[in-house]
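The two complexes that follow have subunit A in common; it is paired with subunit B in the first and with subunit C in the second.
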Partner chain A sequence: MAQLQEKIAKLFPQATFEEADVLTINIADAQLHDLAATLRDDKDLSFDYLMTIVGMDWQKELGCVYFLNSTTHGTTVSIKVTTADRDNPMLHSVSDLWAVAGIYEREVYDFFGIIFINNMDMRRLFLSVDWVGYPLRKDYDANPELNPVSIENERQLDTTDMWLEGPNGKIEKKTRPIFQKDDFVVNIGPQHPATHGVLRFRTAIDGETIKKIDVYMGYIHRGVEKLSEGLTYQQTLHFMDRLDYFSAHNYHHGLCMLYEKAAGIEVPKRAQYIRVIMDELSRIASHCLFIGTYCMDLGATTMLFYTLRVREQILDIMDKTCGARMTFNYDVIGGVMADLDPDFVKDVKELLAVVPKNIKEYNKIFTGNVIAKGRMNGIGVLSREDAISYAITGPSGRASGWACDVRKTDPYSIYPELNFEQVIMTEGDSMARFKCRVAEIQQSADIIAQIIDKIPEGEICAKVPKVLKLPVGHWYQVVEGCRGVFALYLESDGTTKPYRLKIAPPCLPLAGVVDHITEGQKIADLITIGGSLDYIVPDMDR
Partner chain B sequence: MFDFSIITNWIHDFLGSTLGMAPWLVTTVECVLIGVGLLLAYALLALFYIYFERKVCAAFQCRLGPNRVGPMGLLQSFADMFKILIKELITLKHTDKFLFALAPYLVIVASVLAFACLPWGNGLQIINFNIGIFFLIAVSSIGVLGILLAGWSSNNKFTLIGAMRSGAQMVSYELSIGLVMITMVVFSGTMSISGIVEAQRDTWFIFSAHLPAWIAFIIYLIAGTAETNRGPFDLPEAESELTAGYHTEYSGIHFGFYYLAEYLNLFIVGGVASLMFLGGWMPLHINGWEGFNHVMDYIPSVVWFLGKSIFITFIIIWFKWTFPRLRIDQLLTLEWKYLLPISMVNLVFMTLCVVNGWHF
Partner chain C sequence: MPYEAWKDNEAIEKLVKELQDSGANVLVGSLDKLINWGRSNSLWPLTFATSCCGIEFVSLGAARFDMARFGWEVARASPRQADFIMVAGTIVNRMAPVLRRLYDQLAEPKYVIACGSCAISGGPFRKSYHVARGIEDIVPVDVYVPGCPPRPEAMIYGIMQLSRKIKVERFFGGRNRQERQTEFFKDHPLD
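Presenting the complex of A and B:
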C-alpha cells in the first residue's frame, strides 16, 4: 500500500492520502480524470475494475468516492472527490474509462444531483422524471406534498441531457434523442414474464433484430440507503433480506462483517462456520432456481419443477433453523441469531446426497438438448475485457474468463481454510453462464461437505451491546453474493446510526450490460441473454 | 365390423320415406343434425384435451394435475368452460373492431371444416369426396388468416410480432405437410379420404410403404407440431417473449375460440396422421393371421380412430413438455433447409417405389 501511495504521490503531487481499510486518494475534480486514467492504464497499477461510485453529502460539500480494484494485482484503492457548490455541483465523468461508470454516475445524479461532465446520458435512474429534490442529500425535504403519488400514466422523456466540456473548458448543456426517428420501439416490461421482476426495456427492433435497448428501473426502488440513515445499526440488517432475496444470507453476512470490522468485534468460530454453510446453501438454492426459471424462459417448463425440488429441500432446512423460508434475518452483528436445528447436519447430508444426481438429470434433460444448444451457444458473448469494464461479476463474469470470486480474491470468514477452485469458463456466451452456475452448485455442495462435520462447539454470537455505536470513520466490505460482488460502504459520524450506508449490488451492472450484448441479436435472444445474466430487480433497485 | 352407414341410411330413409319430407327438407334436417353432432364432438374433444394435457403435463412435472373438481378432477374442464363462457368480452380502444371480432371465427371455422373431413369410423364420415385430402389442406390454411387478422387488429406491437411469426411459420410448414400428403397420395393412388382408408385394409401405409413412409411420418410429426403452434414451435405465443402472442388482447369466449382451435388442431393433426399412416379407423390387420384379424375387428372402428389420434397427440404433447423453444430463424432454417428438401427427395423416392413396385 505504501508503494502504491508513493507512486501516485510522485505522479500527482497535489493528491493527499487517507489510511483506512482501503487507501483513499483525495484529489481535486480537475485532475480526477487524469488520475483515473493513470490508475487504469499504468502497468503497475492497472485498476481496471470500477467497483462502485459512492455519492456522498458531507453537509458542507458534496462528492463521490470511487472504489477501484485491480484484477491483476488484487489491490483496492479509493478516490475521493468533492465539490463545494451545492446548487450546481459538477464533477468530471469517468464513463469513458469504465463502461459501468455511466450507470453509476446516473445513480449518483439521481440521488445527489451531481452532474457529471461528459457523461453522454444524464437522466435520473430510479426516480421518475419529475421528482423534486435529491433524496440522499442531508437537506432533502421529504414532505409528501412535494412529490405526491401520481395517478397519471408514467411520464417519460424521449431525450436525454448531457453536459459537454468544449476545448476552451466551457461547459455546454446539450440534448439528444434516445431513439432514432423511425425506430420501431417495443416496450418490454415492466410487467413482462421475461424481465424477472419489474424491469423495463424499451427495445428498438428491426423485424426480429434488436437495434437498441434502453433500460428503465426503479419500479420497486424502496430507498434502502436512505431508510438506513434513520435506523440503528441492528435495524438496518433486515433490509439485506429484501435486496437479492436469494442471497439473503450472503448479504447479511456482508453487512454484519462490515459492522463487526468497524466495531472490532470478534465472531465466534461456530458462528462463522454456520454463516458459511448458510451462504453456500443459499447459493445452491439460488442457482437451482436460476436453472429452472431460465429453462422456463427458453420454453422448457418442466425443468422448473425438477430444480425446485432441490430448492424446496434447502428452504425446509433453512426453515427449521432460521424460522423462515425467504426473509431469514439470521445473521446478526457478532454471530447468528439462533443455534442450528438438531437435525441440521442430517438434513444437509441428505441434501448433499441428492445434489449430484440432480445435476446429472438437469444436464441430461436440458444441457445436451440440441435446441438448448442452438439457443445458447454463441448468444450474448461478453469478452473478458468487457466483463471487467461493465463490472459483470459473479458466475456471469466468471463465464467470460474473469476470476472475480471474492471468496478467492479477497477471502473472508473461514473461506481461506477451505479447499475449492473458482469455476472459470472462457466462452462468455449464455451457455457458459448457464454451465458456470450448474458447476457452482456442485462447488458449493463440495464446500459444505468439507465443513459440515467440523462445525465447532461454542458460542453462536459474541457479546454485542443492544444499541451499537461505531467510531467516526469509514469502512468498505465486499462479499460474494449468488450473483456477484456485493460491496458495502459505511461512513460513521460516531452515533448509533449510519451517516451513509452505500449498497453496491451486483445486479445493477448486469442490467447495464444488456444493451451492449443484445445489439444485433433477435428478440428471443434478449430472453436468453437476460435470463443467463440472472439479475434480480429488487437488488438493482434497492 | 359394424358399418355406421346403416344408421345414417336409416335416418335418411326415415326422414324421406316414413315422414315423407321433400328432398330439400331432408337435406336441411340432416345438415342441422350433423352440424349439432359435429360441434358437440368438437367441444367435448376440446374439453377432453384440456384435461388430458394437464394430466400428462402434471405427470411429467412430478405433480398431480387437476384433482379437486369432480372425481379425479374430471369436471375441471367443464368448470373452466363455464368460467370462460361467462367472462366479459372486453372491447379495446383504437382497434379495428370488425376484424378484431371476425378473427376468432375464421380460426374456428377453419378448424371445424378440417375436423369435418376426418374419417371417424366405418361409414361415419361427413364430407367424403374424391379430392378430400386436397380440401383438407385448403381449409386448414384459412386459420392463418384469422391469426394474422388478430395480430393486426389488436393494435398491439406484441400481437403483431406474434402474428408475423405465426404467418411465416404456418406458411412455411404447410409446404412440408403438403408434400408429405402428396407423398402418401402417390402411394395410395387416390385423394379420397375413404379411398385412402380402404387402401389400408390389409396393411397400414406405415408398414406397407416402409422407408419413405417412415421419413414422411417423422416430417409430418414435426411439421404438424409447428402447424399447430405448439412447443417447441410455439413462437407465435411464446409466453416468455410475447406474453401471449397474437391472442394477447382477447378475452372471454373469443379467447376461448383460439384455445379451442389450438386443441382441436392438435387432434386434427393426430387424426390426419392416423388417416395417412396408421389406417384411419382401420383395425390392425396382419396378412395371414385370420384369427388375430378377426379379434381386432371386434374393437369398434371409432375406438381405433380415436385411439390412434390420441396416441399421436400424446407424442406431440410430450414434445411440448420436454423441449425448449426454437428461435424464429432456427425454426425457418429447419423448415427451408432440412424438412422441405428432404420431403421433396422423399416424394421422388416414393414415386420410384410405387413405379417399381418396391413395397408390400
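Presenting the complex of A and C:
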C-alpha cells in the first residue's frame, strides 16, 4: 500500500491520499483521465478491473468514487473526484479505458445529474427522459405529484446526447441517433418469457444477424439506495433479500460484514460457519434454478422439474431454520437471527448425498445432448480481456478464464480455512458458462461437506445495540454472490442511518455486455446468450 | 361475510351454491353452470413476473406444488390467450403503462390477481420515488394474495378464490357481455 502511494505521489504530485480500508486517491477532475490511464496501463499497477463508480452528494460538492482492482496483483484502490458546481456538474469520462464505465457513468448521471465529458451515450439509465430531478441528491424533491405513476406510455428518444471536449478544451453538446437510419429494429421485452424478468432489448437486425442491441432497463427500479438512507442500519438489511433473491444469504452476508467492519464487531465462530453453509446452499439452489430455466429457454422444458427437485429440498432446509422459503432475513449484524434447526445437519447430509446423482442426471439428459451442444458450443464467445473490461464476474467471468472468485481473491469469513479451487474454463462460450455453473454446484457441495460436521458450539450472535451508530467514515466490502462480485460502499456521517449506501450488483455489467457479446450473432442465439449470462433484473435495477 | 368464513372453505362453497341456485333462469342457469365449470377449472395465467414472487410462481408450476392439478398450468406468453394476470412483483412507474397495456390486451372475461405485498400496496418499497403504491390504481384487482413473497400454498388458495368467483358469475348476459362494434368505437376512437 505504501509503495503504491509513493509511486502515485511521484507521478501525480497534486494527488492527496486517505488511508481507510481501501487507499483513496483524491485528484482534480482535470487529471482524472491521466491518473486512470496510468493506473490501468502501468505494469506495476495494472488496475484493469473497474469494480464500480459510486456517485456521491456531499451537499457542498458532488462527485464520484471509483473502485479499481488489479487482476494480477489483487490490490484495490479508489479514486475520489469532486466538483463544486451543483447546477451543471461535469467530470471527465473513463469509458474509453474500461468498457463497463459507460453504463456506470450513465447510472451516476441518472441519479446525480453529473455529466461525463466524452462519454458517447449520456442518457438516463433507469428513469424516464421526462423525470424531474435527480433522486439520489440530498435536495431531491420526492413529491409524487412531480413524477406521478401514469398509465400513459412514456416518451422515448431515438437519440442520445454527448458532451465532447474539443482540442482547445471547449465542451460542446452533440446529439447522435442510437440506430442507423435504415436499421430494422425489433423490440424484445419487457414482457417476454426469455428475458428472465422485465428487461427490454431494442435489437437492430440485418436479416437474422444482430447488428446492435440497445438495452433498456429500469422496469423494476425500486430505488433501494435512496430508501436505505431513510432507515436505520438494521432496517436496511432486508432489502438484500429482494435484490438478487437467489443470493439472499450472500448479499445479507456482505452487508452485515460491511456494518460489522465499520462498527468493529467480532462475529462468533458458530455464526460464521452457519453463514458460509447458508451461502453455499443458496449457490446450489440458485444454479439449479439457472439450469432449469436455461434449459427451458432452449426448449428442454422437462429439465426444470428435475432441477427444482433439489432446489425444493434446499428451500425446505432453509424453511426449517430461517422460517421462509425465499426472503429469509437470516443474517443480522453480529451473527445470525436464530440457531440451526435440530435436523439441520441430518437434512444437509441427505442433500449432499443426492447432489452428485442429480448432477450426473442433468449431464445425461441435457449437457451431452446433440441439440444442446449445437445451440451452445461457440455461441456468444467472450474473451478474458473483454470479461475484465466489461467487469463480467461470477461464473460467467470464470467461464472466460478470469479467476475472479472473491472467495479466493479476497477471502472473507472462514473461506481461507476451506479447501477448494475456483472453477475456471477457457472457452468463454455459452456452453462454458453452463458447465461452469454445473461444476460449481459440486464445488459448493464439497465446501459444505468439509464443514458440516465441524460447526462449533457457542453464541450465534454478538452483542449489538438495538440501534447501531457508526463512526464517521467510509467502508467498502465485496462478497461473492451467486452471479458474481457484489460490492457495497458505505459512507457514514456518524448517525444511526447510512449517509450513502451504494450497492454495486454483478448483474448490471452483465446487461452492459449484451450488446458486445451478441454483435454478429443470430437473433435466435440472443436467448441462448442472454440465458447463459443469467442476469437477474431486480438485481441490476435495484 | 364473517371473517372466520375466509378460513372456512365449506361456507364459501355453500355461499356459491346459494348464489347460483337463487333466481337464475333454469335453461340459461344450467348452461352458465356448465360453462363456468369449464372456465373455473381451466384458468390460463399470463407468464408475468417482475421480481421475487415470480420465482415462487415457477415453483408453483413445478412438480411439488403442481398447479396442473387445478388446470392452471397452461401459462401463456401472450396476453391474447390468457385468462388472468398474476401480478407477481413490484410495479414501478416505468412498468405501469406496460401492465396496463397487457391488461387491455387480455381477452374478456379477464381477471387480475395482485400477488405479494408489492403489488398490493408497494410493500417494503412503498416510500420509494419510483414505485406504484398498489396496482389497483392501474388495473382492477379481483383477488389479493398477501405475503412477501406468498408461499405457493397461498398462491394456490388465491387462484382457488378466483375460481370460486368465476363460478358465481353469469356468463350469458353478464360477464361476457357483447358490445356492439359501433358502441365500442364510439368509446375507443381510432385516430
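The rule is simple: the second predicted complex is superposed on the first by the 542 of 542 C-alpha atoms of A that agree within 3 Å, B and C clash if a C-alpha of one lies under 4 Å from a C-alpha of the other, contacts with A are read in each partner's own complex, and residues count from 1 in each chain.
The rule is short, and it goes like this: a residue touches a chain if its C-beta (ideal position, glycine included) is under 8 Å from a C-beta of that chain, and two chains touch if they have at least 3 such contacts.
Every value quoted in this text rests on a predicted model; they were computed, and no experiment measured them.
Tell me the contact category for A:30 with respect to subunit B and subunit C: first, second, both or neither.
In the superposition, A:30 touches no partner, neither subunit B nor subunit C.
If we overlay the two complexes on their shared chain A, which of subunit B and subunit C does A:171 touch? Say first, second, both or neither.
neither
After superposition on the shared chain, which partner residues are touched by A:192: those of subunit B (first), subunit C (second), both, or neither?
The answer is both, since A:192 touches subunit B and subunit C.
With the two structures laid over each other on chain A, which partner does A:527 touch: subunit B (first), subunit C (second), both, or neither?
In the superposition, A:527 contacts subunit B only.
Does the superposition put A:305 against subunit B (first), subunit C (second), both, or neither?
Both partners.
According to the stated criteria, A:369 is in contact with first (subunit B), second (subunit C), both, or neither; which is it?
Touch partner of A:369: subunit B, not subunit C.
Looking at the overlay, does A:157 come into contact with subunit B only (first), subunit C only (second), both, or neither?
After superposing on A, A:157 lies clear of both subunit B and subunit C.
Is A:297 contacted by the first partner subunit B, the second partner subunit C, both or neither?
A:297 contacts subunit B only, not subunit C.
In the superposed model, does subunit B or subunit C contact more residues of subunit A?
C
Under the contact definition given at the top, report the residues of subunit A touching subunit B in one complex and subunit C in the other.
The overlap between the subunit B and subunit C interfaces on subunit A comprises residues 192-193, 304-305, 309.
Please give the residue numbers of subunit A that touch subunit C in the complex, ascending.
Against subunit C, subunit A makes touches at 126-128, 135, 140, 142, 144, 147, 149-154, 190-193, 197-198, 218-224, 226-227, 230, 238-239, 241-242, 245-246, 289, 293, 304-305, 308-309, 311-312, 315, 325-327, 537-538.
In their shared complex, at which residues does subunit A touch subunit B?
Spelled out, the residues of subunit A in touch with subunit B are 184, 186-187, 192-194, 208, 295-302, 304-306, 309, 365-366, 369, 371-372, 374-375, 522-527.
Inside the complex, what are the residues of subunit B that reach subunit A?
It comes out as residues 57, 60-63, 157-158, 161, 165, 231-232, 234-235, 238-241, 243, 321-330.
Provide the residue numbers of subunit C that touch subunit A in the complex, in ascending order.
Going through subunit C, the ones touching subunit A are 47-52, 54-56, 58-59, 61-64, 77, 79, 89-90, 92-98, 100-102, 124-125, 127-133, 137-138, 148-149, 151.
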